[in-house]
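Which chain is which? They are A, B, C and D, in the order written, and residues in each are numbered from 1.
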Amino acid sequence: MNTLNTAANRTWIVLLVATAITYWLGESGTAGKAGTMAVFVMLGLALLKGWLVIYDFMELRHAPTLWKALLVGWLVFVLGMIVLAYWMGLH
Amino acid sequence: MSGAFTKSMARNIFYGGTTFFFLLFLALSFDTMKQLPKRDMRQNITPSIIAGKHIWETRDCIGCHTLMGEGAYFAPELANVVERLGSKEAVKAFIQSRPVDGIPGRRSMPQFNLTDKELDDLANFLEHVNTINDANWPPNIQG
Amino acid sequence: MQYKSQAVAKPYFIAAIGLFIGQILFGLVLGLQYVLGDFLFPAIPFNVARMVHTNLLIVWLLFGFMGAAYYLIPEEAETELFSPKLALALFWIFLVAGALTIVGYLTVPYATLAQLTGNDLLATMGREFLEQPLPTKLGIVVVALAFLFNITMTVLKGRKTSIALVLLLGLWGLAVFFLFSFYNPANIVVDKFFWWWVVHLWVEGVWELILGAMLAFVLIKVTGVDREVIEKWLYVIVTLTLITGIIGTGHHYFWIGTPEYWQWWGSIFSALEPIPFFAMTVFAFNMVNRRRREHPNKAAVLWALGTGVMAFLGAGIWGFLHTLAPVNYYTHGTQITAAHGHMAFYGAYVMVNLTMISYAMPLLRGRAANSNKAQVFEMWSFWLMTVAMVFITLFLTAAGILQVWLQRVSDSPVPFMVGQDQVALFYWMREWAGVAFLIGLIVYVISFFVKGEEKAA
Amino acid sequence: MPPDTTSATMSVAVRPSGPPNDASGARLPGDLAIWFFILAELLAFAVFFLAYAFARAGNVEMFNESQLTLDLNSGALNTVLLITGSWFVVLAVQAVKRDATRLGARWLAAGMACGFAFLVVKVFEYSAKFDADISLSTNTFYMFYISLTFFHFMHVVLGMVILAILLVKTRQGAYGSREHNALESGAAYWHMVDLLWIVLFPLVYVMR
């Protein structure tokens, strides 16, 4: 079973890689030092991962745009507010 | 048949969701019961306080007053009344001195003709309720 | 009315309206005592009149729910009621027990009533809404179980529809949670904790199932929309109700000594509680807009739509007003709570009962709907009562906001009674709105006796 | 999610709203009812996530300091487990849609294994915390950490129950290329559980 032939398989690989990066950010303490930069990276990764799960795992790639908008909109809104809260935390 | 909205699925989600959230509520309630001893000063509950709660209930004080903010909104909050009036004696004197026919034109508290022991018990109960760790409610002494 | 045994609902509805009138009269007494402090003192002190007001409310709503069940279960299950005789017997037992309780409240000092009725054996009296003496509480359990046995057997031997299922779940839940009223520990925090399992899990839990089932039934009858669609909406609504309402109990566990995480859990989930009420309003209007028949009973349709809107306003919006912990810290135990209480009870449970009565009563009297003249009276009563309730709520909200400002928020907080004197104006205005409500109720009763050319059954 | 056996046949569903097969042939997998439920859950979690984020803005030092005590390894491992479990369920659904139901059943079992592993890792993580006398009432961070992860934990448990039912039904041959509504619905719920963890992991475990 060629692992890269379907979208789901490719997505799985990308998700693992993204998780590894986030883990590395935390483990190596870069999250602490780099601060804002690290937060943008990890939340960007979360956005990518969420997007892939919604499109390929939940198979909403072929769903009505209403439902795509709802799910992705939720993801963008939550991550956006987290960034806002993080920025407020800096001051 | 994709994208259908079947009633059987809706019913199953109703059963699953209800059971899920009731179990979650039981879990939180179980944890609450474990944490309460550190907050509700149950170790200080004396027979007098228990008798005081009985007086509180059998005179239906909750029908006019609030206790920890719950009850009727006709008369003042009583969880912190001992602190507000200054002493248990002041509270007992107030209860004892209620005129039988009330105060003309004013909201009036009935004369319950409580014995001295009953007054002591009730005052002890109200003082005890004030010691409970209720996330420092009310905002001020007025209750 | 397709089944003879549905007629047993009629006495329940009549008793419900009778007790409703009693409740409103005592409400006016209470409202007057707010402004004329020693009105009827010491004969009927405030706490006794309040007991009668709140207990009459709950008992007449229970009569309404039972009448609704006796009316709709045979029709849903497409079979005769299991035992109409049992239903009638229970009617008289419950009515007499209720009447005796009220007489007991009014004629005997509460402490004496407690001694006379075995409160020393098992102390369950003296708690808000649960003031009934022990024999009455036991009577309620007996009546509830026999009632549930009666309608459950009816459904078991007949057609099992989703509406009947949801209604049964709601009524069984009501009986189960009432059992917590017998638990009265010496520890006040544990006492309050489980007291909310009766009160909250009733009005923000299982009663909403009953409300949903009754509304769904009436909407099927008056709009003729396909049962499949309505029952799907019903499931979505009751799912949202329970997944928000059960944990929503947490908004009563902010300040009574329970751990402080409830301030987060309670706020978050009770903030979501208006959603099912909003869904119910969209549902009601959606079904009426897509109706497939013009039902002669216009008043019932008006009540059904009104139920959705007022439940969303009273329970949803006015509930959200003071459900978040940081807000509730200041409004807890003030007139804001009373304002929410009035409109929520009226919008959700009084109106759904009146919807059911308005729909079923003509059929019980042998006609599809009352005459247009009678329906005009009924619509007048709808608007009089609903608008009067809106004003009661607005005036109490104003009083509550002022009370919060004077007694809680300001840098120099005033004592309770000083604050109350300064909001007396709003209590006067609330009392006049209460009188308007009574007029609306009287017009409602009159509408049953107004003649005019009726439509065939 | 045991679908009503009586409607195992192709039940004509009257749809009050939601254009499942609109003009562009777009198709919403699974049952509309599950998507209502998913939206409700996403809303509840969104409010919880934002409550955490803005509560953190209030006292950053305490949150950062308490966060150090979290077991990042088990968090990352759990993320991998859920992602893999989600992937297995996607493969299961695809297999069943090709009428390869035996293969589909095996992928479902694999997905459940990942879910079970997640629960085991979580239980160890919790027991370590409870041994260190950390509870919901220790401080606001731990209250959020335990509340969020426990709320998610119970969603994984419910997801396992759903997968178990789907597994049994798949083995009974209830699903195939023709009928897979319930299977897709259960899969959508499982993917939602994964999506929630994808946001929760960086937010609670890593972000400082």
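Note that in this section a residue touches a chain if its C-beta (ideal position, glycine included) is under 8 Å from a C-beta of that chain, and two chains touch if they have at least 3 such contacts.
Because the structure is predicted, anything quoted here is derived from the model rather than measured.
Central chain by Cα centroid: C, whose mean Cα position is closest to the mean of all protein Cα atoms. Of all chain pairs, the one linked by the largest number of contacting C-beta pairs is B-C.
Per-chain Cα centroids separate chain A from chain C by 47 Å. Centres computed as Cα averages put chain B at a distance of 40 Å from chain D.
Computed centre separation for the pair chain B/chain C is 23 angstrom, with centres defined by C-alpha atoms. Spacing of chain A relative to chain D, judged by their CA centroids, is 16 angstrom. Residues of chain D in contact with two or more other chains: 14, 16, 18, 20, 27-29, 33, 37, 43, 136-137, 184. Taken residue by residue, chain B touches two or more other chains at 5, 7, 10-11, 13, 17, 20, 24, 31, 35, whereas all remaining positions touch fewer.
Multi-chain contact residues of chain C (touching two or more other chains): 228, 232, 235-236, 239, 243, 259-261, 265.
For chain D in complex with chain A, the touching residues are 18-20, 22, 25-29, 35, 39, 42-43, 46, 49-50, 53-54, 56-57, 60, 64, 72-73, 76, 79-80, 83-84, 86-87, 89-91, 93-94, 184, 188, 191-192, 194-195, 198-199, 201-203, 205-208.
Chain D contributes residues 14, 16, 33, 36-37, 40, 43-44, 47-48, 51, 136-137, 143-144, 147 to its touches with chain C in the complex. Across the complex, chain C is touched by residues 5, 7, 10-11, 13-14, 17-18, 20-22, 24-25, 28-29, 31-33, 35-36, 39-40, 42, 45, 49-50, 53-54, 56-64, 66-77, 100-108, 110-112, 128-129, 132-135, 137-143 of chain B.
The residues of chain C lying in touch with chain D in their complex are 226, 228-229, 232-233, 235-236, 239-240, 243, 259-261, 264-265, 268-269, 271-272, 275, 286.
Residue ranges on chain C touching chain B, taken from their complex, read 33-34, 36-38, 41-42, 45-48, 50-51, 110-111, 114-115, 119, 123, 125-128, 131, 162, 184, 186-190, 192-193, 228, 231-232, 235-236, 238-239, 242-243, 246-247, 249-250, 252-263, 265, 329-330, 332-335, 337-338, 407-409, 413-417, 419-420.
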